[in-house]
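Before any comments, here is the structure.
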Amino acid sequence: MTERRRPKVIGVMGASSCDAQVFHTAYQIGRLIARRGAILLCGGLGGVMEAAAKGAKHEGGLTIGILPGSSERESPPNSFIDVAIFTGMSDARNAINVRSSDVVIALWGGYGTLSEIALALKIGKPVVLLHSWTFEISPRPPSARIIIAQTPEEAVEQAFALIE
Amino acid sequence: MTERRRPKVIGVMGASSCDAQVFHTAYQIGRLIARRGAILLCGGLGGVMEAAAKGAKHEGGLTIGILPGSSERESPPNSFIDVAIFTGMSDARNAINVRSSDVVIALWGGYGTLSEIALALKIGKPVVLLHSWTFEISPRPPSARIIIAQTPEEAVEQAFALIE
Amino acid sequence: MTERRRPKVIGVMGASSCDAQVFHTAYQIGRLIARRGAILLCGGLGGVMEAAAKGAKHEGGLTIGILPGSSERESPPNSFIDVAIFTGMSDARNAINVRSSDVVIALWGGYGTLSEIALALKIGKPVVLLHSWTFEISPRPPSARIIIAQTPEEAVEQAFALIE
Amino acid sequence: MTERRRPKVIGVMGASSCDAQVFHTAYQIGRLIARRGAILLCGGLGGVMEAAAKGAKHEGGLTIGILPGSSERESPPNSFIDVAIFTGMSDARNAINVRSSDVVIALWGGYGTLSEIALALKIGKPVVLLHSWTFEISPRPPSARIIIAQTPEEAVEQAFALIE
């Protein structure tokens, strides 16, 4: 018997509130991910997370939200989340977000997003950055796989290229 | 705009290895859960978790596995898991299992299952026990919702009754 | 160079509120642990945790509290905690309590305590029960090290015997 | 009755391996922290964490290590840790490191350290950077308290100034 293949999981990380342009970009990313048959994983809240989930649902994709709270009441998922995982771990759930994604796309973002980028790189998970953080240190740790994209199309294209 | 309704999530907890009879019972539970349109959530490993996921997939249901390891390599999901969440938290993930389930069915089980029963009751989540742990203390903590079922059919029936 | 020996860590688990008799018993346990030079670890809250920490401080011992909240404001440690670890993980911190203890003493307790007993046994950590939960399943998982004590003196004596 | 004051906790974050110069700087930071009566908290491993703990012990301070593994065997604490907390959460323990520190000093560091800086800033915890990461985004999230220090003396001085 051959092993059953699970779909790829693309994590989209970004701030829980954002302006209309970032929202639209995240929505586009969500659409493109679902169109290629991957599962969208995000933090389950508003802003970039909501926009990406909304885009994925528009294309009939499956959406996973890894929530910070212990319950629906503590951290209500946005309306476009199919499966809500209530971690009750607050920001420590950021580590679960990146572990459960095959590749991470970070779009703009606050310090939570920066932590997710760093946690992903720490465990060797590839990261695609779109209008997001830059970070430098000397000497830089080796071997991180970081791609800088300029458009949502390029971000999703590169994300799939990194895991195929 | 009305809120989008997510499907109910039924958690099935049990040991990662089991005999053929327990496996068959867990399989039946998984089938019945999926047939009623709920998502099956489990710990993603073998034994009761695999059997329940296999049953749910037989009926075309959606299955979630909350894994103890940080990656596929550290804790390979069983072949019937659609969405694998890699927590990297070992047994501390048991708290996430019960937080993310609307109701928990415990089938037989080891000490990990006992911890899940206890964590569920701690946060007021209802629990259905089938051939599982008994536990007593005097005085007993108030207000836990515990149902003792005798068959897989009764277990699933009671689980849905508790959350509808 | 020889390895530096850290002191033994004894975890005392019990409910966050309790009557005067249980409080006094926990206080005695704390005193006896500190008198033997071990560190007292607990959940950092009130009830049994506060009583045990108070007893340990009365003997000049060191006390560690593993708190459920993310900050002092979310979960204020009791007044007898020297080192407060803010996990921000709610009940999932119960796994950390037992992992960080060399042996666990459970005194009476609610469902949180039952989860700690189970998590300890799951990872092979020895447990001493004093007026606490009884739990049965058939067949019972093998090889758990469980001692039933009748007095605080016996509980502490047995706890040290299990790890020396 | 007045509340008992716990000592301040200073977190020192940095890579688990480092060159002799960084080691010496971390050692100095540890000495200065203990000399001022604060508890040193770190990730409990080698490199910067070991050096800072060694410095603190040289001055008779108390040292806490928040370890990634579930047990001594999985992640042995360095020889200068007084209290070892075994989280079993791998890098997700980085969130606990910053929650349990009143202020964070980051010295050089890899991606794990970058995640700790970001997690600290996310929850409004002040951060002192010494030869560590720079990070930029436009627009930058508001109100983070970040100090850039040039020497171990200045780093510790600023850390205490931020919390007094």
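Labels A, B, C and D are assigned to the chains in the order they are written; within every chain, residues are numbered from 1.
One rule holds in what follows: contacts are C-beta pairs under 8 Å (C-beta built on N, C-alpha and C of every residue); 3 or more make two chains touch, one makes a residue touch a chain.
Keep in mind it's a predicted model, so treat the numbers as computed, not measured.
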Please state whether A-B or A-D has more C-beta contact pairs across its interface.
-> A-D
Going by residue numbers, if over half of the contact pairs line up, that's a repeat, so tell me which of B-D, B-C or C-D repeats A-C.
-> B-D
How many Å are there between the centre of chain A and the centre of chain D, using C-alpha atoms for each centre?
-> 28
For chain B, write out the residues touching at least two other chains, lowest number first.
-> 70, 88-92, 95-96, 123
Can you list the chain C residues touching chain B in their complex?
-> 15, 89-96, 108-112, 114-115, 118-119, 121-123, 132-137, 141, 144
How about chain D: which of its residues touch chain C in the complex?
-> 3-4, 6-7, 9, 39, 62, 64, 66, 70-71, 77, 79-89, 95-96, 99-100, 123
Under the touch definition given earlier, write down the residues of chain B that touch chain D in their complex.
-> 70, 88-92
